[in-house]
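Notes follow once the structure below has been shown.
Order of writing sets the chain letters: A, B, C and D. Residues in each chain are counted from 1.
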Amino acid sequence: MPASASRLDPDRLLTGGLRLCAAFSAALLILVVIFLLLQAGPVLDAIGPWRLFADDGWFPADTAAAGQFSIVALLAGSGAVAFGATVLAAPLAIASAVFCRFVAPPRIGQLFRRMLEVLAGVPSVVFGFWGLVVLVPLINRWQPPGASVLAGALVLGLMILPTIALLADSALRSVPRATLSAAAALGLSRWRTALQVALPAARGGVVTGIILGVARAIGETMAVLMVCGNVVQVPASVFEPVRTLTANIALEMAYAYGDHRSALFLTGLVLTLLVIALVLVAELGRGANARRTAHG
Amino acid sequence: MGDRLLAGVCWLAAGIVAGGFAWLLGDIVMNGLGQINLMYLLMPVADAGRAGGIGPVIVSTSLILVVCLSVSLPLGLATAIVLSEADDERWFGRLVRRSLDVLAGVPSIVFGLFGYAVFGLALGLGFSILSGGLTLACMVLPILIRSIEQGLRAVPIDIRHAAAALGMQRWRTLVAVLLPAAAPGVLVGVVLGIGRAAAETAALLFTSGYVARMPDSLLDSGRSLSVHIFDLALNVAGGEPRAYAAALVLIVALAVVNLTAISLSERLLSSRINPA
Amino acid sequence: MLPIWRLLLVLSAVVLAACGNGQTTTTVTLTGSSTIGPVMTEVARRYEAANPTIRVDVQTGGSSRGIQDARTGLADIGMSSRALKPAEAEGANQHILARDGVAFLLHASNPVDSLSDDQLRDIYLGRISNWQQVGGKDAPITAISRANGRSELNIFQDYFDVAERQIKPDLIAGENQQGIKLVAGNPDAIIYMSIGTAETDQQAGVPIKLLPLAGVPASSQTVADGSFPMSRVLILVTRDDLAPAAKQVLDYALSPAVHDLIEAQAFVPAR
Amino acid sequence: MKSTVTPIRSVVAESAPPALAIQTKDLAVHYGALCAVRGVSLQVPQQQITAIIGPSGCGKTSVLSSLNRLTDLIPGARVSGQILIDGADVLWPAYDPVALRRRVGKVFQKPNPFPLSIARNLDLPLRDQGVRNADERAGRIEAVLRRVGLWDEVAQRLDMPAQQLSGGQQQRLCIARALVLEPDILLMDEPCSALDPIASGVVEGLIEELRGDYTVVVVTHNLQQARRIADHLAVFWTSGDAGCLVEQGPAGAIFDSPKQAITAAYLDGRCC
């Protein structure tokens, strides 16, 4: 083994280099958070975290009175739109995935998947543009003013649908053929196979898809900015306009300075924390799932 | 009975999705197609986008993507390799994975804020293609890593064991065996990254800027196609027809990249499958 | 970590810049109001064509941003669609580029042809919510206001003397064209907007109409002769120590040579 | 060069105990809290074929994997005891597993060629070992393909993806790949179980041809196969919660007169 010492060197180097890169990738998140904290510092010092929830509305640059920094309505807006989009998109997406794998003739299934792939590549600004020009006037004729939670949920739903559907589809695809053959051999109908064998087996991928979809819905900026109406209020119905956290940043960032600007960075921090919470919840869910599987 | 019901529900769902898709795309194609010709693709922007073409915008978009990928791809590849081999029980792998999960969910506008302050202000790059590309690189990194890692993990464990049993060095196993085997996954990751980056608007508004002139270097500000659409749609009076045209160009370009890569990766995969 | 990065970036930037262009050029940066952005973009193009060694970059953000950037030196010239506040005026010079009015806009099919100042105020304060109350058909009013930081909002507030929190809008628009599209797609909507922008869209066939204010018709002419009451100035902001190249760009932008460009965007050049 | 004398099983059985290629002492393999096998003191004679037999789940594969420390790659796996090869304990932390694996090759249950061309599958390990001369590599590749009887079948299409070969051909390629590094010891984990009977027969014949040139340790479920090819036999069983080694010795002796009642029952097919 005389060669072993020198032989280890390139591998050591490789391992070290790779780990350094990985560490940098991981550090990026910390960098983002630190930077947001730094920028949000002034307003956080000035008002403390509680006024984010206790203040009387969002008037960060009120010239008459002191700024008011309540993000309750913005949170409600983000929540309502993301929830609506998920509720609309998830069932359709899962049904679409089942359609691709179990229902459609192979050719059509293939075509449908290609269509989803193209749809997944449509930029959000195009969705927003289309929503603003086509969808909002349509809803307005039915329930003014048109730009609303509903419009946002519809546009975002269509936007996140391909993400969920494609991930669910690939999860269904990765269900071992043997499992499906076993179900078929038991004489299970296609319906039972799809719903009670394949979907549960693909649950992990489906859940991941939905979580990614929700995260994308919460984080989407341009499309909601264009179609949601941007009024800062807790919506009483799906036909009322709202402003989301992200739209708020995009709307006001270019015009903000001082405490206002700092407050916008603070909302960026809140958004990031929201996503961290979402990931943690998903993690807990996955953990519980794994335990259940292990015991059951 | 159940089968009929399932089939009905699925056809209905697929119909709704396809209908929405056709509506959206039909609208864009009908309004945009008439505007597009070769001159439109090559000419410089004129009259705030209402006239002329989108030549410089296409060049800027490509340059932003090149910067984005040339930074994120090596970094993503390295991280994905570490993750695909990391034991999830160990703290390092777990830490990296969790922070990437979170990073994947961070809204693009937050990356925009980050890029503006870090690349634009702190590093002094200002509004430039370099700032925009680097910002997008941060943004697509998690997506890239996730799909490359999946590609690497899809390489059967047998093959790693075979390499180990031959006493092969790690780097050679990686370079000669694992990466070629994971090529389809890497390709899919790159395509997803390109798609996400090319579609991004919010993060570019504050980093690569609005300037629609042909860029001379990466330090010039350059308007991406998505920003161009946004600008025409929301800033320029009478910009709507051209917004449709630019949207159509972007969608078609992304679809072409997407479908080429998918068929390529399927060909790569199928050449590996034992016909016996 | 950071210095190494910076070094690498600067190095690569230098290399790229070197192979990109051998000629030395000076860059003049403008930031600020998205209302002025399109005008200055055209001005910059014309200027560059005549002066190949000077590059003019126009970035749009907002008026406040433009003023800030010009004062901190991030930009050579700031663009603002409102006059400077006293606190902002310190150490900054303002140059009037053009004038613009802010007027109320309805869908072209709306039968209402005029609204008094009180009616307008009541609509935006939420006291009037149906067109019937002001002589129109029986339909709910969609009152569209503008997002925080837009100079139109400031001008609106000044003119009607209301605080931001008193305004009860049905929708809020950010950029001009978002507002235009909302009105074009909604026969019952009302919005306030730059007259210049609105006229351009009107000429392009967008179904909108401008309401007179206090009896004065909303048009470029009334803005030009100073009779339109709700008007604003579009200004360029500079510091005292202006770089020579920036000074040239400024002078050019304020010269009659670009009046046609300003008028093409339906603003009234300052004379 | 290795000995070309082919020892005959009966001769070995009656002669003095041969030299040992591998000797384990009190070997145990744990996966997390689970103990797969414990108390194994296995003796593998040099240049013979040693078959490890026993019912499923009795730790045969775990023992085999530990012999060239492939257990290092399994998360949570822990190996204790001693594995002596040439008098050195390979479990000693400073022992270089890479060098070990080049001396102790392995063939897996399922054929696992790299998803590369046939030639590249063999070329890669040679390159990795520092064989720089292309002609030399080509020569060794041809030699080893001839050795496994694959040369005539694939000589014309060395650039074909290895995964397009049939299962039996793939397994022979994997054996060739293990042999191309000229190891002393070859570990084989049920090398025929994933193959059809004909391919299985071909591979079995190949294993027999390796007798005398290599020390072969083969795990098998197939008692007939063990009877046909083994010089030396090790029988594993599950006792309590973990596997253990119940009996080992010359194959003929054990097949004819097993010392343990369990072994006798197993060999007769009277249990499980």
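The rule is short, and it goes like this: contacts are C-beta pairs under 8 Å (C-beta built on N, C-alpha and C of every residue); 3 or more make two chains touch, one makes a residue touch a chain.
Because the structure is a prediction, the values reported are computed rather than measured.
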item: Chain whose averaged C-alpha position falls nearest the assembly-wide average; value: B
item: Centroid-based (C-alpha) most distant chain relative to chain C; value: D
item: Chain centre separation (chain C, chain D; CA means) in Å; value: 79
item: Chain centre separation in whole Å, for chain C relative to chain B (CA means); value: 33
item: Whole-Å separation of chain centres (CA-atom averages), chain A against chain D; value: 51
item: Distance between the centres, which are taken as Cα means, of chain D and chain B, whole angstrom; value: 47
item: Multi-chain contact sites of chain C, meaning residues that touch two or more partners; value: 34, 60, 174, 178, 181
item: Shared interface positions of chain A, touching two or more other chains; value: 7, 132-133, 226, 250, 254
item: Sites on chain B at which at least two other chains make contact; value: 169, 233-234, 240
item: Complex contacts: residues of chain A adjacent to chain B; value: 7, 10-11, 14-15, 17-19, 21-32, 35-36, 39, 91-92, 95-96, 98-99, 102-104, 112, 114-130, 132-134, 158, 161, 165, 189-192, 194-195, 212, 215, 218-222, 226, 246, 249-250, 253-254, 264-265, 268, 271-272, 275-276, 278-279, 282-283
item: Of all residues in chain B, those that touch chain A in their complex; value: 2-3, 5-7, 9-14, 16-18, 20-21, 23-25, 27-28, 74-76, 78-79, 81-83, 92, 95-96, 98-111, 113-114, 117-118, 138, 141, 145, 169-171, 174, 195, 198-202, 205-206, 226, 229-230, 233-234, 240, 243, 247, 250-251, 254-255, 257-259, 262
item: Chain A - residues contacting chain C, complex; value: 57, 59-62, 64-65, 68, 132-133, 136-137, 140, 144-147, 225-226, 229-232, 241, 243, 250-252, 254-257, 260
item: Interfacial residue positions of chain B with respect to chain D in the complex; value: 87, 89, 155-156, 158-169, 172, 176-177, 180-181, 271-276
item: Residues on chain C engaged by chain A in the complex (per definition of touch); value: 34, 60-65, 68, 139-140, 142, 147-150, 163-165, 169-174, 178, 181-182, 185-186, 188-189
